[in-house]
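What follows is one structure encoded as structure tokens, with my remarks underneath.
Which chain is which? They are A, B, C and D, in the order written, and residues in each are numbered from 1.
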Amino acid sequence: MSASRNVPLLEVRDLVVNFYTRGGVVQASRGVSFQVDYGQTLGIVGESGSGKSVAVQAVMGLISTPGRIEGGDILFQGRSLLDQAGKKFVREVRGKDISMIFQDPMTSLNPVFTIGTQITEVLRHHMGMTRDQARRRAMDLLGLVDINAPEKRLKQYPYEMSGGMRQRVMIAMALACEPQLIIADEPTTALDVTIQAQILELLTDLQQRLQVSVILITHDLGVVAQLCHRVAVMYAGRIVEVGDADQVFASPVHPYTKGLIRATPRLDVVTERMVSIDGVPPDLISPPRGCAFSPRCDQAKKDCLRAQALTPLGDDRHVSCWCAIKGDTR
Amino acid sequence: MGRFIYRRLIHGLIVIMGVTIIVFVVTRMVGDPVQVMLPLESTLEQRAAFEKKLGLDRPIHIQFVDFMANIVRLDFGESLWQKRPAMDIVFEKLPMTILLTAVGIGFACVVAIPMGIIAALRPGGVVDRITVFVSLLGLSVPQFWLGLLFIVLFAVQFKILPTSGAATPAHIIMPALTMGLPTLARLVMLVRSSMIDELNQQYVKTSFAKGLPFVRVVGIHALRNAGLPIMTLVGWEVIRSLAGYSVVVETVFAWPGIGLTAIQAIERDDLILIQAIVFTAAVCVVVINIFMDFVYKLIDPRLKLT
Amino acid sequence: MKKYGRLLLAAVLMVVVLAGTGWAKAEGITIALGSEPTTLDPQIREDGGERAVNDNIYDTVLTRTPEGDMMPSLAAQMPKLVDADTWEVTLRSGITFHNGEPLNADAVVYSIKRVIDPEFNSEQISFFSTITDARATGDLTLHVITDGPDPILPTRLYWLKVVPPKHSKDPKFAENPVGTGPYRFVAWQRGQHIDLVRNEDYWGPAPQISSVRYRFIEEPGTRLAGLMAGEFDLITNLLPEFTSHVPKSVNVLGLEHPIIILNADDGVTKDARVRKALNYAVDKQALAQGLFEGFAQVAQGQLLSPSFFGYNDQVKAYSYDPDKAKKLIEEAGVKGQTIELIGTSGRWLKDRDLVEAVADFWKKAGLDVKVRIFEFNEYLNRLFDRKTRADGIFVVSSNELLDADKSFSAYYKAGGIGSSNTDETLAGLIDAARSETDEKKRENLYHQAVQLAYDQAYFVWLLNIEDIYGLSARLEWPGRVDARLLVREMQVR
Amino acid sequence: MSQTNADSLEQALEQHRHEWVEKLFELGRELKRDKAGLVGVMLITALVLMAVFAPYIAPHDPTDQDLTARLAPPVWYEKGTLKHILGTDHLGRDVLSRTIHGARVSLWVGAAVVLLAGGFGVVMGLMAGYLGGRTDAFVMRWVDTQVAFPGLLLALIILAVIGPSLTTVVVVLALNGWMVYGRMTRSAVLSIRQSPYVEAAEVVGCRWPRVIFRHILPNLTSPLLTLGILEFARIVLAEAALSFLGLGIQPPATSWGLDVAMGKNYMFMAWWLVTIPGCAIAVTVLAINLVASWLRLISDPQEREKQFARHMAGAMRKKMHATIKKELEAP
């Protein structure tokens, strides 16, 4: 029995992350659970401030003051990344088995080092390559992400490159050690629309070619639909709905998911006006009791003031909504 | 690049000209070196002869033309006080000040950079708060007083260090410490605050996400980015010290550098030596400024030398 | 971080060890001077630092005993007057310079001609201003010719350092002095120190101390610190307060006389009663005790020390009599009027303190004193201003010739550089003394001048300050009235 | 009608006053949180009071000499007397009184130089930033040139030549230090000028002095205040150094730097002569620095947030250590 194949590649259980600010304690992640299997792409969607990034940064061990992981567990290949041994383990896997692509390629690269240095230092650190080996590998990687004239590029500084080019470099860097999981935190938000498409295409292509698992964080449902096997919808520090991407889009259950899908402009359907979700996103310092979405929900009722855990709906779908569960007659 | 050097040189020339003209005007305006240079009981004839020898009896504009011509030849004439070419004296004293500056500021860097980094790692922590307070204290203590304190303690009380002069390596310890401490304090504060800023940057997160060891992320990635303000300050401290701020330390420890010589020349109204010293100081400032621009470029490739 | 710490520690230790070996005491002594020589040519400058060093490298034709009496040095006997303006000097035989050049009449003639040459432009010319020529009359005898009768020629020869004719033409002579004296020059590290070593072939008694290092430190506090830290064996200008804090101290009545020049021609001080009152008002003994801790003597109503030629022991200081002062001021009808007192700060020992203390005494006598302390250059403007003389100008007169002529010409004589009176009688006395070769008559003229100035109270004579030297415990030295630091007279225990 | 107008004006004034009081209270609350800042403010207040009321506080005239009581030690020594609590100097002047009076000079020079240099610098900066073009080029070139001057040396020479005094020290230090204000003001003006409200004011046709004084200057207050206070600290040290070198304040005026210089000759037998004025300088500058860093903190919301986070981090670490300890002790 291969243990590694039986447990999911990454499992996040009831993750609680709080940020201590002058205004009060921001509960950025209030019991988030999800998992990613080998070769799978998980999309996490939600408004900004819904806790998407916090959840994955916790996986990378990047939560630092004033933030703090205060509950739950994160398991990579069945091993905890949070317990005493995990702290050592996380240092081993970070950047090697799990790598990350950040939102803003403009600030994510160190401005004062060449691209070459920044790629090769990963290789030399994790793979123990010599300078020469690392340089050759870095050139291959740049080729892999469709950057031409890699030799020249290696000697360039980030400021000499366009945003799309930099994001390709980030991807190359993420792929450097042949990771099993890539976390892409809104990798295209900061880019021009045309470049966005190229980068997403590249990501899809690489995911398929290299059979690597991907967590894609975005607020763009179209991207999720295009790229992801599964999708998790986050709202106010919680996952409100999770399931197979096609299914979720075809028949969203949670009112928030429905709202999100409705609010996504579609090129193929002519709508007369943009649809938006009424109300304002919740304040995570004192989130609403029970279902956080209830103040904005047109179907809200008394039950919604009680907390509702993620409830399985079958087909590996989970949702946390009283209405949805009660209204679901299937 | 060539254009950059050209422009900086032009600016440097303006600075040097400005300084020398100011000194020329100021020294001719009021001072009468003749009185001071000659013994109290010398006669009026001796005084007149001396004035003539210095050329001080000629019209001021002729003196100025002469003066400028001499500067171009780097010849300021003989020091009134020491009776030998002023530039000889400057070239003799300047290395001592450079040595003192190098050791003092070098010491400050060696101590301040690790200190500032450690403080920045845990802002608000005990180490940080102690560091900040000690630096503030260091900024507040007057240098001359600190120097006197050192002399009383280490030279007279414990007799482990010499009081003054520059004969052996041990002689440089106290002056260099005194010189370096305010720099150290300023530097610690700056390293700390720029490191805190840098450690909050996205690329630091990237570096951590890349799995790089802590020391590499902090000591190489973040530090190099914080390097620009740090180098700016270090350069500024060097300039300050060569541009006369060493005078306090040199006076307290009788360190035979350019600062002490300057104050002695001022006391003796040796206007020729003063001119030579100020001119040299201005040149030093200009040269270091240009040098620093190249260092910046080295640290941060984004900077364009224009 | 640990690594840095250890490195630093190692560096500090290393430096400390180096330091320890660096200034370990040799057999010689270290003398801290207030200023560095600007040259080591013994004839060009009038410079305390240069003199302190060269007094040990060079010999003079005549010298003085520690008490100030003239005696032969390079000369075999005291110079003889051949005629009114010719003196004959006979030299000792068998003396050579450090480089082997012989000391003979030619060398002395050469040295005299060198120093009086107008082209040479020596600052010491005032010491030799009467000498017009010199010529050798034998291998060891020579004649010195003056422009008229010059009674103090022997005193002038006491200033004549004899230089080697050949070597002194070397352009590097100023940095590499060669004399006949008890110490040879070794090295001069500019800004740091000068080293001398004992001349084993010295013609006189062999000095005990084998080598000397001179250090140059302007700040008296720093000099003192060095002495207390055991780095120096002798420091000059020790503050009186510290005599009990240093291992040892030596005090000798020095050459410095602080006085206040009163304007006898104008202002409130035009009235002799006021000038006398100003003398009576000041408690000179209190100044000596209070400011100088007793290391100063009350000046006896004249600008001379007892060891100076011309000193009049009949004249005594004005007593401290505040009531008499008040009365005189009221008599003169100037009570409450303003008197201006000019001084400077930091030039002489306790200059400002003296001025302020005197002003305080004057105030108590019923005058409104306006003290004006100027920066030295501005102060000199006032001191030398011939047109408008301030009421009172503080000055410290220093007379290395130990003869009345120099100080009297400058301050007593009408028209002198710092004089504030137009007393023709006084000027006449001083001029007469200048060309009088008969010692008795000359002394008498000075006695009269002293008495006259005293009666007219042209000055407020304050003190005669003692030179105080700080010594390390191991150094023995009695001090000298002429303030010369002759290492051959010192001993190390 | 006019009645109501007056009423509303009254109300507005009341409101305004209220805001002021509120602001002061807010400052007080901030101070309570920042102990170092509180200490700084208290020290400065004490110093200012001491300087203002020096003649009433000081037990003696600072220039009163008493040659019979020279170099008397402080009161806690056997030879010390209550008459001279901190002893006397080499002329028998009371050290405590001199120290109290010294505060006057230090603070006066500091304030005068900051106002002079700040005033000139701000005006030049405003002109450069607002008028732009040739004025800007000229002013900035001037600033660049003067920044590259060996400032202290020039200051020493000028002081030596024209004669050091309180006024000349102030003028020379101000001439030496206006550039930093000019630069800061200019860059602030440039950035503020881009902002919509200034653009709007210009569109409406406000004339430039009005724009500057109504719209730009108020936005500069906070950074200028912090800079001014930091400069103040620097100036106090500079004055002390100049006086120490003998080219600053001249006796009979008192200055801490001067007292250290005079006491230095006696430092081995009368340590209090150097130590007390030296400490006075250090404490003053430290207090100013503390206030400056506190001001910088409260005037910058971002910095405030960071500070809070650091504070929390510290608290959290403590808590964590406590829990770990508890856990370890539990079994």
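Observations
Keep in mind that, in the parts below, a contact is a pair of C-beta atoms (placed from the backbone, for glycine too) under 8 Å apart; a residue touches a chain by one contact, two chains touch by 3 or more.
Source: prediction; values computed, not measured.
A comparison of the A-B and B-D interfaces places the larger number of contacting C-beta pairs at B-D. Once CA atoms are averaged chain by chain and compared with the all-protein CA average, the nearest chain turns out to be B. In this assembly, the chain whose C-alpha centre lies farthest from chain C is A.
In terms of their C-alpha centroids, the spacing between chain A and chain B amounts to 53 Å.
Separating the CA-averaged centres of chain B and chain D is a span of 24 Å.
Work out the mean CA point of chain C and of chain D, and you get 48 Å between them. If each chain is reduced to the centroid of its CA atoms, chain A and chain C end up 90 Å from each other. Residues of chain B in contact with two or more other chains: 31, 148, 152, 156, 251, 267, 269. Residue positions of chain C touching 2 or more other chains: 219, 221, 225, 228. Across the complex, chain D is touched by residues 11-12, 14-15, 18-19, 22-23, 26-27, 29-31, 122-126, 128, 132-133, 136-137, 139-145, 148-149, 152, 156, 196, 240, 242-245, 247-248, 251, 262-263, 266-267, 269, 274, 277-278, 281-282, 284-286, 289 of chain B.
Interface residues of chain B, counted against chain C in their complex, comprise 31-32, 35-36, 38-44, 53, 81-84, 92-93, 96, 110-111, 114, 118, 148, 151-152, 155-156, 159-171, 173, 251-254, 256, 264, 267, 269.
Note for the complex: chain A touches chain B at residues 57, 60-62, 91-96, 99-100, 102, 104, 107-113, 121-122, 125-126, 157, 159, 170, 173. Chain C contributes residues 219-221, 224-225, 228, 239, 241-242, 245, 286-287, 290-291, 345-346, 352-353, 356-357, 360, 371, 373-375, 378 to its touches with chain D in the complex. Residues of chain D touching chain B in their complex: 36, 144-146, 148-154, 156-158, 160-162, 233, 237, 240-241, 244-245, 247, 257, 260-261, 264, 267-268, 271, 274, 278, 281-286, 289-290, 293, 306-307, 309-311, 313-314, 317.
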